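Once you scroll down, you'll see the structures, which are given as structure tokens.
In what follows, subunit A forms one complex with subunit B and a second complex with subunit C.
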Partner chain A sequence: MSETTSGPASGPATDLAAGAAPAAVSAPAPDSGSGNGARGAPPPRAGGGRRGLGGFLAPYVFLTPALALFVAFLAIPVGYALYLSVQGLRIVDEGVFGTRSEVFVGFANYADILTDSTFWAGFGRMALYGVIGVPLTLGAALLFALLLDYGGARARRFSRAAIFLPYAVPGVIASLLWGFMYLPSTSPFSHVTEELGLGGIPFLDGGWIFPSLANIAVWGGIGFNMIIIYTALRGIPPELADAARIDGCSEWRLALRIKVPLVAPALVLTGLFSLIGTLQVYGEPTMLRPMTVEIDQTWVPLMYIYRDGFIRDDLPMAAAGSVVLAIGTLVLSLALLRVTQRRTFGGAQ
Partner chain B sequence: MSASTTGARRPGLLPHQRARLLPTVVLLIGAFYCLVPLAWIVVAATKSNTELFSTFTFTPGTGLLDNLRELFTYQDGAFGRWALNSLLYAGLGSLLCTLISAVAGYAFSRYEFPGRTALFYLILAGVLLPGMLLAIPQYIIMTKIGMVGSYWSVLLPGLISPFAIYLARVYADAAVPVSTIESARMDGASEYRIFGTIALPMMLPGMVTIFMLQFVGAWNNFLLPYVMLSDESRFPINVGLYTLLSKGSGEPSLYSLAIVGTAVSVLPLIALLLFLQRFWRLDMISGGLKG
Partner chain C sequence: MRVRIPRRLAALAAVTALLSSCGLAGGDDDVVTLDFWCWGDLQTARVDAFNAAHPDIQVRRTDAGGGNDSATKLLTASRAGNAPDVTCVEYQTIPALVVSDVLADIADHVGGLADEFTDETWQLTSFEGQVYGVPDDVGPMVLLYNRARFEELGLAVPATWEEFAEVAAEARERDPDTYVATFSPTEFGNFAGLAQQGGATWWEVDDRRWTVGIDDEASQRVAGYWQDLIDRDLVNAEPLLTPEWNNRVNRGEVLTWPAGLWSPSVIYGIAEGQAGDWAIAPLPHWEGESDAVAFQGGSALSVTNDAENVEAAVEFVSWMETAAESTDVQISGGQYPASLSGQEAAVLSDPPTLTAGQDDYWDVATAAARNTVPHIQWGPNVTTANDAYADAFSAAIRDRTPLTDALARTQREVVAEMERVGFPVTG
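Our next item is the complex of A and B:
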């Protein structure tokens, strides 16, 4: 799996790394003046005159712990998951005491999953959750980042800290927190509407569960994305905005026509993180499950996979499900990067 | 807040002052939205079980001390143990992960060696792997080597972070000048000495950021400990609170316990974040992407 993923992934990854050099501009080095050296001189060549055998080996020694862990906890598990996904639990011994054991079943697990409407229903719910949550998160993050960057607004330091604060709250705890704010018996919102004689708000009933869940993701995600976009905005040379203002450009047009296109790489990055996060949504619905009847065991793909693996004890099926999800993540991530590449990375270089 | 007072003092706003009002209001709405749930949990934590369901939600209650006592004596101090476990998983795990990533990032940044590019992208591709894809085989492997359910089963897989290695490389590119390494080499310093005494201190600000990102990520990690652990005494705080709530779904008396537990688990992290905010170098995340 590692081999196969590295191939296609290296396309966009190249672009990520290619942009790495200008980081020297935005991240001032501890001792000033080092920036030139960092950007100007190429890294030393292996085996080059001044480094002896010890110098030749040094990068490999430095990489040993990371590579050992990578092999042990990423490469081997991925390979094992692929192997497992083509295995199946079948009754092999005939007779009364037929035991289940693993046999090679080819793509049978994949066929089972891809034809299971429960699995696809989970994908549909996840997609709905993402369609509500991701644009709201990124839109609000961009709006707040632009407002922080716009010198006119007051209380910027306070707002920045306050909006960033939910990042410190683990997703599972955030779900618990909002869960109590949704729960009819403890909800402050329902308390107010009940006092007004309007009845409680059914946050956890029916279709309300989607915006309610998406809201948890929005709340937890705005701050981090805002900071990423904001730091990208700070990297825009001030002369650019000044020149536009002198030409009579309004702040609004300046934001839309100049700032937003310039921070497009940061927007793509936040979009990619949001996409990956959405595909792997698990903690939030699991956490709200004890509070509502709407969420069942297979509500989103990861919950389906967990059910297969740890409640039904069918790990091969769970492995196949997670491979399907991984391939889906890869395909969607590459599609996102491909669609946006021309406009952002390609255009900027 | 400051905008509304300014507005009240000077009724005749100049155009550029009026242009300040709307952005400020929008920002404050965002801040309010983000703070309300945190304020609510703090207030709710002060309420006794009966007050929780009877009094207005933002009225402070009288049961804070009782709640805290109940929380820390629940199942012979299970909550305190969960908190210490979280601190161990997140603290020790992130510290080691930061060091490993810094060393690897430095090697990728400052050496050219056969296989450098291929190895780097191989590791970077790991960012795209769903946690569950890894959790299942990791669980089986841990079972086979008899480590499932141990502290190691949660700690070890968390030590490798492709994103942290990527960030360390970006930061080393920016912070460690090649000329400094070259002159240290000419003075006869070994490669390891150069890294330990020259490069590592230069990378420290970036490492604080990586540590914080890893710490929050590890503190947040639910799936891995949930899959690996069955012994409640080894749970981190979020898995512990989840089991508490699952048990309490039929029994509202456990709600106030879960609420005060949530409040207690959130506050230290927020304090840490606010304290470390000035050391954060989040610009390196977007900095690496600036075209």
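Our next item is the complex of A and C:
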């Protein structure tokens, strides 16, 4: 490209190249003893007006693609959601029944949703679902990762693929699949217990719905989390394990005392993903809903928001609900990081 | 430089091509293109027949999902200003779509089309002289029952709800695995139909002032009736059309389904093996009361406010509802046409496959269609009512709390939402 577009007005590309070169050359300068003082007067700046402008623009030019995507797909939608959440669809006197029009309603949507007990009941159910699902997912993922990392493990590649495979099954398909395994007349588990004279297992009735739903998420989530933890385990220098073994440490203690503390950052990461995944739970209960009377339209917060937005045609209300959920997610994520950060990352921060 | 010139030329060529193609499409005034949203496999053949008969109006159909999904998408598309010219809508969603300013009033364009329908049918799409659609198919309620199993168990077809309860008890005695019917906590339209048959008026509007009567006396009686059957374990309380329920139907453990006239094709879809075993009877009525029935389901064709050529759109809609080529497709596909001419044609056709053995199928169907409850008014937030109903009744079944309480809860939620949105409402 640069060959065909050579000429006096060759655009920023050449400027950047020229601007970058002195920077690269002067890079060793701070190392050679001039210390912080060198930062105050970076060499490219001194090179003249046009070059200085190029140097000034350079970071922004490089940032443009990322910024454009960020603005288009994050900032604008978030801004629009915030705007929508203070609007409301209200009746104006036109037409045979009146007509719904969008008007500014201030915080009325927030007041409605924050005082709606069904919205909060959804959070309660979500919490129960998460309390069952998240520890099981992380515990099993850690266990499998440690087993795979254990020197004596056999058929490692096959096991890793087999454990990871459920993650590749789309959530909707997984929910349908499990749904059929839960329904009394098609459940293979209930079939066995009925043959034994114990009666069917009421997977979809009463409190059973929580473990049944959590099971789908655990089944699908273990593989992904295991890969993250396993990758972290592989990153531990082998010398550490060797040294521990020479000191007479058993494999069991090696796992508990050396490996687990060292992969703690990976555990925090997977914990954070699982927490956010729980806050966004939607697919599994939605797919099981037609199969049971336990799950209603507002069973978890996202289902409540979906109902407002796409069944009741009240996007402003759905936007308010989304903002509340997003703030809740942010607060919880920060809290989790704050609690775990000091312990996990120690004085490194 | 050698690179640049061809590129510029190519761009120029592309722009020229684009302009000329626009010119072609815009310049050809002879053919009107209509976008049409409707679900169901039947529509392809009907639209093809229309296109073949009308060289100057060409219709492009999109299947935007079933009744609820397509109503949701319609609202969104309308807000974006690109709703289809014509769309299928379920009767109960029409007021909501009118309130959201999606549907066009075509009263000035329909001419004498109203004469093609019974008054009760025409009222499903017109309000105070404004016409928001033309009825397409209707589902007058009947009692679909498994005749083979009825004969096997020696049961008589009930004519009244009182008899229905007796038959329910007999059925349980003669085969403990069998229930005469299912009370589904999620079938809002079904319960609404049963309540309307009993005299309920769920919504009323007078000069933009609404009255909500979901919790009225007639509805409470119907809820109480089913409550009693559930309490005595005479009906099964569970959602319909789940894999579980379909299995029961296939095992012959569900004997009846009181529902719209479209129900035979639904049961045939899940239990092909029972073709010929089933039959329809008039829906049971309350002893000493009118035997008029309500409609359950069914849809209309409506023109939207985004339609540019309303005349062409109305021509398409009229043809769809009155031309024999169109209604014949409906009949052979298991739909019951809304228009009188379509219904007359239906009488001459074979009964649906599921009820193939019933000689008087069309007599029962026609009698139901000609004797329906007048002035059924749906509210502006039926979707809210629908899911409030499903949630409240599911909870009632689950927690064994009274269905009448669930009805009251549905009423409260519907009224609260109408008030919040700003409808003047008493209820």
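Going forward, the second predicted complex is superposed on the first by the 269 of 349 C-alpha atoms of A that agree within 3 Å, B and C clash if a C-alpha of one lies under 4 Å from a C-alpha of the other, contacts with A are read in each partner's own complex, and residues count from 1 in each chain.
Everything that follows uses one rule, which is that contacts are C-beta pairs under 8 Å (C-beta built on N, C-alpha and C of every residue); 3 or more make two chains touch, one makes a residue touch a chain.
It should be emphasised that the depicted structure is a prediction, and the values quoted were computed from it without experimental measurement.
Enquirer: After superposing on the shared chain, does subunit C or subunit B touch more subunit A residues?
Expert: B
Enquirer: On the A-aligned overlay, A:S185 touches which partner chain: subunit B = first, subunit C = second, or both, or neither?
Expert: Both: A:S185 reaches subunit B and subunit C.
Enquirer: With the two complexes superposed on chain A, say which partner A:L325 touches: subunit B (first), subunit C (second), both, or neither.
Expert: First partner only.
Enquirer: Which partner does A:A81 reach: the first (subunit B), the second (subunit C), both, or neither?
Expert: After superposing on A, A:A81 lies in contact with subunit B but is clear of subunit C.
Enquirer: Once chain A of both complexes is superposed, is A:R157 in touch with subunit B (first), subunit C (second), both, or neither?
Expert: Touch partners of A:R157: none, neither subunit B nor subunit C.
Enquirer: State whether A:L89 touches subunit B only (first), subunit C only (second), both chains, or neither.
Expert: In the superposition, A:L89 touches subunit C alone.
Enquirer: Would you sort A:Q297 into first (subunit B), second (subunit C), both or neither based on which partner it touches?
Expert: In the superposition, A:Q297 touches subunit C alone.
Enquirer: Considering only touches as defined above, state whether A:R312 meets subunit B (first), subunit C (second), both or neither.
Expert: Second partner only.
Enquirer: List the residues of subunit A that touch subunit B in one complex and subunit C in the other.
Expert: Comparing the two interfaces on subunit A, one with subunit B and one with subunit C, the shared residues are 180, 185-186, 290-291, 310.
Enquirer: Going by the contact rule set out above, which residues of subunit C touch subunit A in the complex?
Expert: Of all residues in subunit C, those touching subunit A are 1, 3-4, 68, 72, 75, 95-96, 98-101, 127-128, 130, 185-186, 205, 208, 238-239, 241-244, 247-248, 380-381, 383-384, 387, 390-391, 394-395, 397-398, 417, 420-423.
Enquirer: Looking at the complex, which residues from subunit A come into contact with subunit C?
Expert: 4, 89-91, 93, 95-100, 112, 180, 183-186, 206, 290-294, 296-298, 307, 310-313
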